[in-house]
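The structures considered in this document are given below.
After this come two complexes, each holding chain A, first together with chain B and then together with chain C.
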Partner chain A sequence: MKRFIGFIRKEFYHILRDRRSLFILFGMPIVQVMLFGFAITNEINNVDIAVLDHSKDATTKEIINKISSSKYFSVKQFINNEATIEKAFEKGEIKAVLNFEPDFSKKLVAEKQATVQILTDATDPNTANTISNYTSAILQKYQQDLNTDVRIQYQIAPQTRMAYNPELKSVFMFVPGVMTIILMLVSAMMTSISITREKEMGTMEILLVSPLKPFQVIIGKVVPYVFLSVINAIIIILLSIFVFKMPVQGSLFLLGVESILFIINALSLGILISTVSATQQTAMMVSLMGLMLPVILLSGFIFPISSMPLPLQAISNIIPAKWFIIVLKGIMLKGVGLAYLWKESLILVGMTLFFIAVSVKKYKIRLE
Partner chain B sequence: MNTIRYIIQKEFKQIFRNKAMLPIIFAMPMIQLIILANAATFEVKNIKFSYVDHDKTSFARELVDKFNASTYFDVVSNFSSAKAAKLAMQAGKVDVILEIPPYFERNLLKDKKANLSVTINAIDGAAAGVENVYINQIVQQFNQNAKIKLMLADGGVAKAQKITTIPSFWYNETLNYKTFMVPGILVLLVTMITLFLSGMNIVREKEIGTLEQINVTPIKKYQFIIGKLFPFLILGLVLLTVGLVIAKLLFQIPIVGSITLMYGYTIVYILVILGIGLFISNFTDTQQQAMFIAWFFMVIFILMSGLFTPVESMPKWAQILTEFNPIKYFVQVMRMVMLKGAGLQDIYPQIFKTLVYALVMNGLAAWSYKKVT
Partner chain C sequence: MNNENVITVKNLTKMFGDFTAVNDISFEVNKGEVFGFLGANGAGKTTAMKMLIGILKPTEGEAWVAGFDVQTQAEDVKKSIGYMSQHFSLYNDLTIKENIVFFGGIYGLRKSVIKEKSQKLIDELGLHDEADKLVGSLPLGWKQKVAFSVALLHDPKIIFLDEPTGGVDPITRRQFWEMIYREANNGKTIFVTTHYMDEAEYCDRVSIMVAGKIEALDSPKNLKKMYKANSMNMVFLKLARNIE
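Showing the complex of A and B:
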């Protein structure tokens, strides 16, 4: 036991000695959480649009005013003919063009019907679709105001309540995701690098012939990183509570336990990576290239999993980050406890055991 | 000249010798492109819809049927009480709860006004906004139909003025997300491979001790830097080519613009990334440090590139920060040239900025590489 503690102390020295890595280790997550918490949003605000007004009458002017006064749009250009639209789209100056037909208000009065065309640059389908929805909504509203003199009758009024996130803040969506990415990548990368480094330097052989048992070597390598990652997790949780005003509806204790569980999960994935790779380079490329995009894209961090094709929904199940994000959102935003999250927690435990079992099996204790 | 050739030869040999790395460099990015391009969609569909019907009249049933018929909603279940529905939402089983109050039909007929209450799981705020729009559309439509029916029964309808909107989606009529995402993900993969490999490269020689050996040879600084850069430039272009072939053949993404322009820009762009990589490499002592820094910038570059979330929606200061993000320019150029067929004069600002960036970064890299230890 004393030997083991000595070994852990050596590992701590290794880490603490490397000031630069340590600085990156703690500085980075803070910078990233702050940056992303404030900057990333998938709301649509201030989209630049252009207007092609063939009738230029009182009604169209009023509609244009309504549109430019909404926070979603800012009218950047007034254009005179269809030919200029394509050029403007190609340059990427504007995202949409509102095209009012000639004699708009005359038609609206005489024929009770007039048409607006909404041309959008759909290379970004999400923005295009949202623009189209928002403009339609604004026009709907305008149309209702026009018709107030017609008797309002038979009105069904839906009253909508946005549960768990009444102000529709993107932060609530992104902070759990950023936290997951940081914990996953930092933990997996750090362990895999620190073990393969010993291999590459040749010092692993020395450790193997020492009286320490192989599993003690591995645990000794991991323990310091558990500490560091827990500190990281605490910092991120504090930031999300105090800076981003994320509520923690559920139990803070459970949040802590689940975070530690996820950290251990990521660390054991790191051990697994290190047992299958011979050099630091390979270990890093596997943990960076192999984990970064799948964790960002398949975890439900940015893109809703329920909208993905079925095979991908199936694949997303093997991404530990997916389950941790569900747990985080459950505890922080919904305020549910283990009664609701036992399944996700068990899956994380199961994955951890699996990673450890495979690593033990693959771990070579003999010299080559 | 010969010296550079030998360094390049050495670098290529080192890349191809490491058998464990080859699949990571070549196969993994392409597999990720093929799989992940399918994942990146903001479309909101398969919304798990449930309802609580306190009214149980034919009117209420008709309204629920409307939701049933919509392709966006999957009607999951019908709960007997609002409380049960709320518990299901907590467990993540439903996204939307429609509560039809008692006397819904009676109120509509008598008071000509009736309420509905809708609860949406809004943790994903953007999706919740879209769901709200869909719900309102369905309710409006139902309302319209009901109005006409009831007013006809009342006798006489005053015709209302109506503004019709016709949306038209350019360059991507079907709102296909893959068209949008494949060029972007390809950009990321090319960037990641070249940045990580170049970032690790010199620092690895430092760590192993072979850099000192090179330092005592007559190799000149510029020869060394060029020799180090060139193989990764080729690597990046090969990846781009394979990626474009996959995009064209597998995803049937239209490539409207000029291929030469795309390659020309990519060469300048990869020089930026390699410059950053070498700069990091020169400033760190271990591969671990180098990778941490590379990873830090990579995550920031990716998430602030406008690839997944629009740059225009970011706060002003963040938009200014994105000016320093090379991935942003590459994503813009790829989308503009590939999908819209933009020409040289359209992407002139991006090319200019990238070129300046490349000069600065490689200047810094050359400056920070010292032949003495």
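Showing the complex of A and C:
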């Protein structure tokens, strides 16, 4: 055990004295979370919208006033017929159209229900979603104010329609994705590089000639990265909670356990990469091409898996990140527990065991 | 020098697929001996050495190092040997002291022992001012001397040196060999591979490997007589040419 602690201390010297790896370890997570967080913000401000008012009565005027007086929207155009909606969108002057049905007030009184259509330009699905949510919220508030008299319940039914991307599947949930990328990068790339560095420098031979067993060498190399990756995961979660007000609906404990599971998974991949690459450069290229690209492109982080062609969908199944993102979204956004995520967790465990088994086999072959 | 064997090799063979890297070699090394292991690049000397230090499994044959079977008691072998490779074997981004503490640690030395030994090592090499500097900032010759001393930390019976003086200037090589002799006089056995034929002259006995086989094994003096040569360089060239 004492040998082991000495080994780990040495590993920390390596990491702390190499500015590049320090930056990758701690600078990058913060930069990435900030970048993604601020670039892809969910806030909207003074969005230009148009109104198509078929009834032009007191109620619709009041609603329009409410909406334009909010800081979120400014009413730029009044449109007279449906045909001009498309043109307005195409010019890109407006992001949404409010379409009030004819006889809005009358219907509200007579039928207790009137409909307003919220049409959004969903070429930017994220903004579209936010706009429709904000508008609905304002309408709901207005409805509540109307219904202070409990005897009569009026209902304004907002009908939202996302133009150009009706199903709005690529809801961008950056935190799970960024967390996955960073844990993958730190764990797999950094370990594979640090193991191949020993090979390249010739110090691996010295370690193998020492009484340390090969698996002790590998575990000694990996433990510091488990520790650093956990710190990274905590930094990312704290940043997303406090800077971006991301919710964590589910259990923090489960989130921690699943993160550690994924970290170990990525580390075992890193070990596997180090057994097949002789130099640091190779290890880095294999990590970047073999891990980063699939993680970014095929994990569902940016591009929804369901809209990929079938072969790619099949490939996405063998990417651990895909399952981890599902788990993260489940815990952070939906607040579900292991009862819903056991399948994904089991897949991650299975993959981890597979990678470890293959690495052990490869490692032995190398020693023979 | 007594005749106690510390390394015994019998019919050792290593095959990589169809290629025979080490072909049925046998020899013995005595305690306190400086044993030179010579051969051209690719002659199989590094492969043979790797089998002796327990990181490569022989295909056939047997070898005992420090009384332990390299096949079945590799762990005991590793505890009783020191090793320094042709690649530089210290960590460049650690200081001399940190390297000593680390290597002492992985050999399971106690803290007090490590402290005492590192002090002694620094005194002997006169490295007081450099002890807390990163090894990467030292000249190569100094690094090799430190590496040699570090390989001796755990007081091994046998020291394996794989081309220890590659790329080092003649003066430092000379000093390095003085260190080797000092350890041999202390009863350590030195097993050294080298390319430099002048270094072969320093060895008590020399084995010359050509194409996986040991073609000659004797003291430099006897070898020169046998091959009617006036230097080990000539001996080596004659041997290599005969085979071709």
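Basically, the second predicted complex is superposed on the first by the 226 of 368 C-alpha atoms of A that agree within 3 Å, B and C clash if a C-alpha of one lies under 4 Å from a C-alpha of the other, contacts with A are read in each partner's own complex, and residues count from 1 in each chain.
Just so we're on the same page, a contact is a pair of C-beta atoms (placed from the backbone, for glycine too) under 8 Å apart; a residue touches a chain by one contact, two chains touch by 3 or more.
In this text, all values refer to a predicted model and were calculated from it rather than measured experimentally.
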Does chain B (first) or chain C (second) touch A:T203, or do both, or does neither? second
Quick one: name whichever of chain B and chain C touches more residues of chain A. B
Go through the superposed model and pick first if A:G6 touches only chain B, second if only chain C, both, or neither. second
Now for A:D18: first (chain B), second (chain C), both, or neither, which partner does it touch? both
Quick one: is A:M189 in contact with chain B, with chain C, with both, or with neither? Answer first, second, both or neither. first
If you stack the two complexes on chain A, which partner ends up touching A:I302: first (chain B), second (chain C), both, or neither? first
For A:L310 in the superposed arrangement: first (chain B), second (chain C), both or neither? neither
Just checking: does A:L212 make contact with chain B only, chain C only, both, or neither of them? Give me first, second, both or neither. second
Under the contact definition given at the top, report the residues of chain A touching chain B in one complex and chain C in the other. 18
Could you list, by residue number, the parts of chain C that touch chain A in their complex? 53-57, 75, 78-79, 81, 83-94, 98, 101-103, 105-108, 134
Using the touch rule from the top, collect the residues of chain A that touch chain B in their complex. 18, 20-21, 24-25, 28, 31-32, 35-36, 38-48, 89-92, 108-109, 112-130, 132-133, 135-137, 139-140, 142-143, 146-147, 150-170, 172-173, 181, 185, 189-190, 193-194, 197, 277-282, 284-286, 288-290, 292-294, 296-298, 302-304, 306-309, 312, 315-316, 326, 329-330, 333-334, 336, 340
What residues of chain B sit close enough to touch chain A in their complex? 18, 20-21, 24-25, 28-29, 32, 35-36, 38-48, 89-92, 108, 112-130, 132-133, 135-136, 139-140, 142-143, 146-147, 150-151, 158-173, 175-177, 179-180, 185, 188-189, 192-193, 196-197, 200, 204, 284-289, 291-296, 298-300, 302-304, 308-310, 312-315, 318, 321, 332, 335-336, 339-343, 346
If you look only at chain A, which of its residues touch chain C in the complex? 2-3, 5-7, 9-10, 13-14, 17-18, 201-203, 205-213, 367-368
